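Labels run A, B, C and D following the written order; every chain starts at residue 1.
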Amino acid sequence: MSDFILEATNISKRFGGLVAVKEASISVKRGDIVGLIGPNGAGKTTFFNMLSGFMPADTGEIFFKGKKINGMRPSNICKLGMTRTFQIVKPFPELTVLENVMIGAFNTTSSTTDAKKIAMEVLNLVGYASYADMSAGSLTVAGRKRVEVAKALATKPELMLLDEVLAGLTPTEMWSMIDVLGKVRDQGVTVLIVEHVMAVIMNLCDQVFVLNYGEKIAEGTPAEVSENPKVLEAYLGDDYGKPASGAN
Amino acid sequence: MLTVYLQALISGLLIGGVFSLIAVGLTLTFGVMKIKNFAHGDFLIVGMYFAFFCHLLLGIDPYLSALLGIPLFFGLGWIIQNYLINPVLSAPETIKILITVGISLCLQNIAVFLFSPDFQRVQVEYGTATFDLFGASVSITRLIATSIAVFIVVALYIFLMKTSIGRAIRACAEERDGALAVGVNVDRIYLIALGIATSCVCIAGALMTPFYTISPTVGVSFTLTAFVVVVLGGLGNLKGALVGGFIIGVVESFGEILMPEAALKQVATFAIFILILLFRPNGLFGTKLA
Amino acid sequence: MLSVKNITSGYGDVQVLNEISFEVNPGSIMTIIGSNGAGKTTTIRTLAGLNKTWSGSISFEGRDIHMLKPHERVASGIVMVPEGRKLFPSLTVEENLQLGAFHPEAQKRMEETTEEVLELFPRVRERLGQVAGTLSGGEQQMVAISRGLMARPKLLMLDEPSLGLAPIIVQQIFELIAEVCRRGTTVLLVEQNVQKSLSVSDYAVVMENGVLTLSGTGAELAGNDEVKKAYLGL
Amino acid sequence: MGRSVGFAIYGVIGLICIGLPFFAESDVVVAVMPPGLSGSTLLHIGILIFLFGYLATSWNVLGGFCGQLSLGHAAFFAIGAYTSSLLYIHFGLTPWVGMLAGAAVAAVVGYGLGYVSFKYGLKGPFFALVTIAFAEILRLLMLYWDFTGGPLGLLIPLTEDSWSDMQFMAKEPYYYMAFGLMIFGILATAKIGSSRFGYYLRAIRESEEAAEALGIHSMRNKMHAAAISAAMTALGGTFYAQYTQYIVPDDVVKIALSIEIILFAVIGGSGLVMGPVVGAFILVPIGEMTRVIFSTAATGVSFVALVNSDIPAVEKFAKYLDYLASGGGGGLALLLYGAILIFVCLVMPRGVLPALKSLQSWGKKS
């Protein structure tokens, strides 16, 4: 088996006239936390949707654990060991936090008792066990994101795709979530994370890919990427660093 | 034999306009409020009984009462939108459907309670008048009904295209947030839209009275027919509803002669309906309003 | 001109804004910068009345407006150009502009306003008869701003006008925004594109996770390392 | 605490239901009943409550747990009724086996209907429309086909009281069968609800995408739900055929029946095990009482005759008011149902049972 748990080569997605992702390639090494960054509208979520089977890729191939997964439905990809979270979190609002996580846990067991046990373990791991009986619809943004991660984790994945699990959190909430992600890695789960909050990427990731206008513009360690002029330009505007002209 | 088909074609076209008028109201509700109004056909009986009583008590011709009733029909839609539908617009889809089912049950059974489930007829002297066209007979009342219906659909189309309120209605259908941003009072537009929608159906009901029996339960099958037309023509598409009405009219009247029994004509319609929902959910003409 | 005091707001029962206060001075361009999910769009939607103000107050030209409905706010002179433009895609550009002048006061002066707006946006004039959905992203943004101006606003609020546009178009859009302000319309801008927006702003605030963290003139913030940190986490 | 109170209430009501036939004819019960109601009507109402409670419970598997709004469940009811009846009439097959055959046919049809609908991504109102259209097609075909007896329907040949033929002169056996059916429905949905399958259905209802991401094959599970729900509904159809011993398409496949089934589930609280039953217990008595009280309408003035009579307008109007006071042309029961449905949608969209529960917890807090 190769070192890479996930390999996508030259995948593209086009919506009408708009090319959302253009021949982008990515390879994720087993055990790493890998970041996928880029400004708003860069095509990150579309990229995620293709990797996780929610959208067919127009071109290119996607291999997970050496198996080609193009065209497989998301539930089957999940059964293989890859799961995802959603940028716009999708809790099951009428169910309790515990039940939400149990639904993930049923991926590996059919017994309700076992699912409950797995769910409680996961909730303890993400530090949310005390909220188990609350309905998921009544949680704050931070709570929902935690449940989102817990649900995914409960499927016992080998690779997790996390779509902006930190956006919209207060700094305290953010650091505690980063802590959770560290624990997830310690469990041996590989993580591919889309994020706007750069601090996370810098602190957490082993490898970073940068998308802009649907194309991969850089890859490397966080330090390498943050020095890359193309990345600075994409994030801050093309004349960043020059003295501001001001409005007057 | 050819005459039979010609007759079927003509009969289909003659009811098609009425189908169009009914469907236009539904498609408007659909396009603007995103409401799937399962009570739509039941408003038909409001127009029918209105025409029936105008004729019975005051001797008013059904075509005149179709006109006189407009404020009532419009007001009814306005009130229902304001008190029953606007409050649930942000509720889950199921609730939005069920409230219209509730409205349908109420309308039907108010009519049963007030007017009994018995069939009624409006007897006008020209009711059975026909003329001959290439050997097929053309019913005058159906011809008038379809002509007026098409006239109203076209007038509504012009209203939506050319007036400021019409533009606002289309704007709400396309992009609610955009309409709010430019200062359109969206809630009010919704009241107007349902007012127009119910008016269309009620007028269709009144127009049908000279050749159609009136009973509290006739609405249900027209709700289904209207959905068939709307889905065929494209959800929220006015032109689609106009054309779709005629297509379904013709399909039903051919179904009547081609199916082993006339009562099975709707089997053909519903079968087409299911096929379109499955294979061409955007209908024949796409989904845009107007 | 616009004075926002301690407003909180959000979606459903999820709070996004946490006691935001700021002021916009007449004749200026004020910018709120911040990363995705910081609450910028919620701020604009709350000011426009699309989201309820949960607490706090918004006053515009000395009048409390947080209880007004969206269309009443438009009539009082606050107009929003929403994120993602929210044009009416199957209507023509001309119809989009006409809808911009929907409230009665604006409707009366529609012809005059149209001329003024088209003079500012010659590209839009070329596209008047075209269906809005078929325009390029940059043209759509111009139409969206023109549509906003058709209401003759005193305060124009722009939500991420640079979103999804190529750099050269972004440059043009910001120049046009500066021109709009020069011609007498106060502008409140919400942006992710830090450098471009700061370069046209008189004053700016940084928003993070629903609170305002930094403020200063455009030039001050443009050179600020804190801003760089908020964006790149360096 | 709240839970045990709930169980106690259900237990007491259950015991009353079991005991009802023994005191339905007693003087006390007769004395408190509205005029026109006999002990036998009381049992009839009981049977309807149980039957509709059961049907709504069956619908709940697909409509409530899984959130797929079927507006055509009468089709499965009819399949159950006709399958067992035809097998009985032509082959003398006992309805006990016939009902399983009906359930099997309905399951296959439900599975097929689910397959085509879900494969093409039909949701919400569009799925609802397909189910209505399907039920209407079935009704029209049943009116036409010879083997279903056309509009005249099927008359089940009478025998003497016989458990094997599921036929009785008295109401009591039907009463207990209906009760058993309802209990079966409750137990079955409770079992489903607490199983992995039940969790999957609720997950699909709340977000199909999120469910897929967690490894749930949404299409397959939805189809299973459709098949189970259809099969359960069909069992109710067989019971109905045996109880009335006469079935016609316009009774068993009408849209109104589909709507009533949903009504009880939604008003009681769809997606909850006891919701549909609670709905039936509240609504069926209201509906039936209304029907009994205003049944004089049939013997009163005919609306058509009144309208066409030559008496002076004032007198006509007075007579019309009398006519309305005696129940008019009927329809009051369904009118009430409609009004209650609207009320529930506006005020307690999750149904009566959740509203009662939150009232209880609110009472505890204050």
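As a convention for this text, a contact is a pair of C-beta atoms (placed from the backbone, for glycine too) under 8 Å apart; a residue touches a chain by one contact, two chains touch by 3 or more.
From a predicted model like this one, the values you see are computed outputs, not experimental measurements.
Novice: Could you give the fewest steps needed to travel from chain A to chain B through chains in contact?
Specialist: 2
Novice: Shared touching chains for chain C and chain D?
Specialist: Neighbours common to chain C and chain D are A, B.
Novice: Per the centroid of Cα atoms for each chain, what is the distance between chain A and chain C, given in Å?
Specialist: Going by mean C-alpha positions, chain A sits 31 Å from chain C.
Novice: Taking each chain's centre as the mean position of its Cα atoms, how many Å separate chain B from chain C?
Specialist: 42
Novice: Between chain A and chain D, tell me the centre distance in angstrom, where each centre is the average of that chain's C-alpha atoms.
Specialist: About 46 Å, centre to centre.
Novice: If every chain is a node and each touching pair gets an edge, what shape is that graph: line, ring, star, complete or other?
Specialist: Graph shape here is a ring: one loop, exactly two partners per chain.
Novice: What's the complete list of touching chain pairs for this entry?
Specialist: Every pair of chains in contact is listed here: A-C, A-D, B-C, B-D.
Novice: Which bits of chain A are touching chain C when the two form their complex?
Specialist: These residues of chain A touch chain C: 39-41, 138, 140-141, 144, 164, 167-171, 174, 196-203, 213, 226, 232, 235-240, 243-248.
Novice: List the residues on chain B that touch chain D in their complex, please.
Specialist: Residue positions touching the partner: 36, 38, 56, 84, 87-88, 91-95, 97-99, 101-106, 108-118, 120, 216, 220, 224, 227, 231, 260-261, 263-264, 266-267, 270-271, 273-274, 277-279, 281.
Novice: Which stretch or stretches of chain B touch chain C in the complex?
Specialist: Spelled out, the residues of chain B in touch with chain C are 164, 167-168, 170-171, 174-175, 177-186, 288-290.
Novice: Enumerate the contact residues on chain A facing chain D in the complex.
Specialist: Spelled out, the residues of chain A in touch with chain D are 52, 54, 73-76, 78-79, 83-86, 90-95, 99, 102-104, 106-107, 109-112, 115, 151-152, 154-155.
Novice: Show which residues of chain D lie in contact with chain A when the two form their complex.
Specialist: Residues in contact with chain A: 194-196, 199-200, 202-203, 206-207, 209-218, 271.
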